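Right after this note come the structures.
Okay, so chain A shows up in both of these, paired with chain B first and chain C after.
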Partner chain A sequence: MHSFGYRANALLTFAVTILALMCAMASFSDNFNHPSPSSSVQVLNVNWFQKQPNGNDEVSLTLNISADLQSLFTWNTKQVFVFLAAEYETPKNSLNQISLWDGIIASKEHAKFWTHTSNKYRFIDQGSNLRGKEFNLTLHWHVMPKTGKMFADKLVMSGYRLPKEYR
Partner chain B sequence: MMPTLVLVEFIWVNIYGLGLLFQKILRGSTVFKVFIALTVSQTPQASSNLLAMDWQGQKLAEQLVQILLWAFAAVSFGTGYVLGSFQMMMLIYAGGVFLTTLVTVPNWPFFNRHPLKWLDPSVAEKHPKPQQQQAVSSKKKPAKK
Partner chain C sequence: MGWIGETMDSIKSLQIRQVLTQAISLGMIVTSALIIWKALMCITGSESPVVVVLSGSMEPGFKRGDILFLHMSKDPIRAGEIVVFNVDGREIPIVHRVIKVHERQDTGEVDVLTKGDNNYGDDRLLYAHGQLWLQRHHIMGRAVGFLPYVGWVTIIMTEKPIIKYILIGALGLLVITSKD
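Our next item is the complex of A and B:
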């Protein structure tokens, strides 16, 4: 025996279940997107390069970061979180990663950009290893979906070197 | 997104349960009795209930729910995917759910095209139920002391 309330409840529950299925399919459809992002970073200036009283090296850089991340966006993309990390090796650590800058790209139109800025976050070493250090600048991104799985990837740019002496 | 859906479903189920409780408490009230008469569709004990849904109607209602919701799911997903618009998918689907609710939940007359014909009370009195002789005799104990 059916009542009004029974039908309404059954219908709405079934509707929400189907909605969940559609969201899963939307997330799955992201796998068919093959992005081709590009990026380049120039170190325009080494502003200063000092050893802190606690013994750690610190450097301040002015960077020009330009990137084209438009191909990362799909119909199921809410926003893209992007950050630039300096990566290098020291005797103490096989990998040091220091985030220098990050940003949130909310739409495809804003995904092709350039920014001329000093590093947003401080570039401080664990120790005093930065003189003459060769490092990579790696652009990492997280594609945040409207529903479902988040994809993350990176692009490595190598060939950067810090000065041999403090400034 | 997903936690939001689970939360919505959880809230709905609880509202429905509270609604049933509310019904029980107010069963004596006249206003509520009228509301129930318009919406509750149990197969009637008397043929005079014009607002009921018959068994065939209930089956039709269930089939319509399935067909309409799957159809709108397919249309909305396809449209959203082709247009590259998640919002379009959600809007079309929400509209579809609303339309399906309008079509299947209230007791429309086309859900009552095969009403059960109950025997009229005055005719039933002329045909009394048969006595249950055999059942009584089999219960008697075979041997007496």
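Our next item is the complex of A and C:
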């Protein structure tokens, strides 16, 4: 009953249980954080807007994305993955979400940022529906913890419209 | 040498009833582990409720050796979700983020494109030949939570199977030679 094996086993089990409990509590503490992020995006330029040989519309934009995501960070946050998606509806598709840009914010200091960039991923439609199309730009973020549950949310910015003609 | 002699003595002195009791306890332990696994599969709605991250394609968020908790619900797949999917013809599931979604008006079926956070290009290179999109039936679950480092045990046991055999052999020996 008091051999080394039994003691080592009991100690190990206890240590693992305490560790699991601490991870759960750390994750639970994230629920007490009430974030208030803000962001704004301007479409600075429509670089070009063409119909590809396969019939799909493609547009290239230059964007100015600025955001303040500092309130999302807690002590249990490892990083925040943020991306900007264009969201719109077409006759064939009830929802299209195209990620235009993404970035990783590793610390609270970098969470208040702005970036002037063209779209990192190609904005291609399934079909030829983009002329004059009204779309939303939604900033999504994904809080990845050091341990435990991940949180995701978004901020919808509407009122953007693509040109009526190709250029 | 004395230890080996002791082990041989204890094996010889076992009685049938004791052996049977221990075999049943072992069976109970294995069965309850299986019950817990199957229950997890039911609760999370996913075929594999826990996966180990095998590659560095989602760094710095998920490193090799982390484990991910999965959940699958009937909710539609949306951009930004981290999904686990199987490509036809590949047996290892891949854990990447959804970057493009096209959902049909009429059927609600969805075309999805994924990409690893740490990869330069999207996953079309990983899909089957000629496949441009993933559909819902490829996706096994969404990652909802994670624990760091715990998955290294699985990775070590898969990549160096000798350690798996040593562990199982030692466990078996421990069960046989222990008095309870």
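Please note the rule applied: the second predicted complex is superposed on the first by the 166 of 167 C-alpha atoms of A that agree within 3 Å, B and C clash if a C-alpha of one lies under 4 Å from a C-alpha of the other, contacts with A are read in each partner's own complex, and residues count from 1 in each chain.
To be clear about the criterion, a contact is a pair of C-beta atoms (placed from the backbone, for glycine too) under 8 Å apart; a residue touches a chain by one contact, two chains touch by 3 or more.
Given the structure is predicted, the values throughout are model-derived calculations rather than measurements.
In the superposition on chain A, contact is made by A:26 with chain B only, not with chain C. When the shared chain is aligned, no partner comes close enough to touch A:160: not chain B, not chain C. In the superposed pair of complexes, A:75 makes contact with chain B only, with no contact to chain C. Within the superposed three-chain model, A:10 lies in touch with chain B and out of touch with chain C [touch as defined at top]. Judged by the touch definition given at the top, the superposed model places A:113 against neither chain B nor chain C.
Contacts of A:18 after superposition on the shared chain: chain B is touched, whereas chain C is not.
Of the two partner chains placed around the shared chain by superposition, chain C is the only one that A:92 touches, whereas chain B remains out of contact. Legend: residue contacts after superposition of the two complexes on their common chain; A:146 is shown touching both chain B and chain C. Touching of chain A by both chain B and chain C, each in its own complex, is seen for residues 23, 146-148. If you check the complex, the residues on chain A that touch chain B are 1-5, 7-16, 18-23, 25-26, 29, 74-76, 146-148. Chain contact summary for the complex, chain A toward chain C: residues 23, 27, 78-79, 81, 83, 85, 91-99, 102, 104, 106, 121, 126, 140, 142, 144-150, 152, 154. Contact residues of chain B toward chain A in the complex are 1-2, 5, 8-9, 12-13, 16, 19-20, 39-43, 53, 58, 61-62, 65-66, 69-70, 73, 76-77, 80-81, 83-86, 89, 93, 97, 100-101, 104-107. Those residues of chain C lying in contact with chain A across their complex are 60-62, 76, 78-82, 97, 99-105, 108, 111, 117, 122, 143-148.
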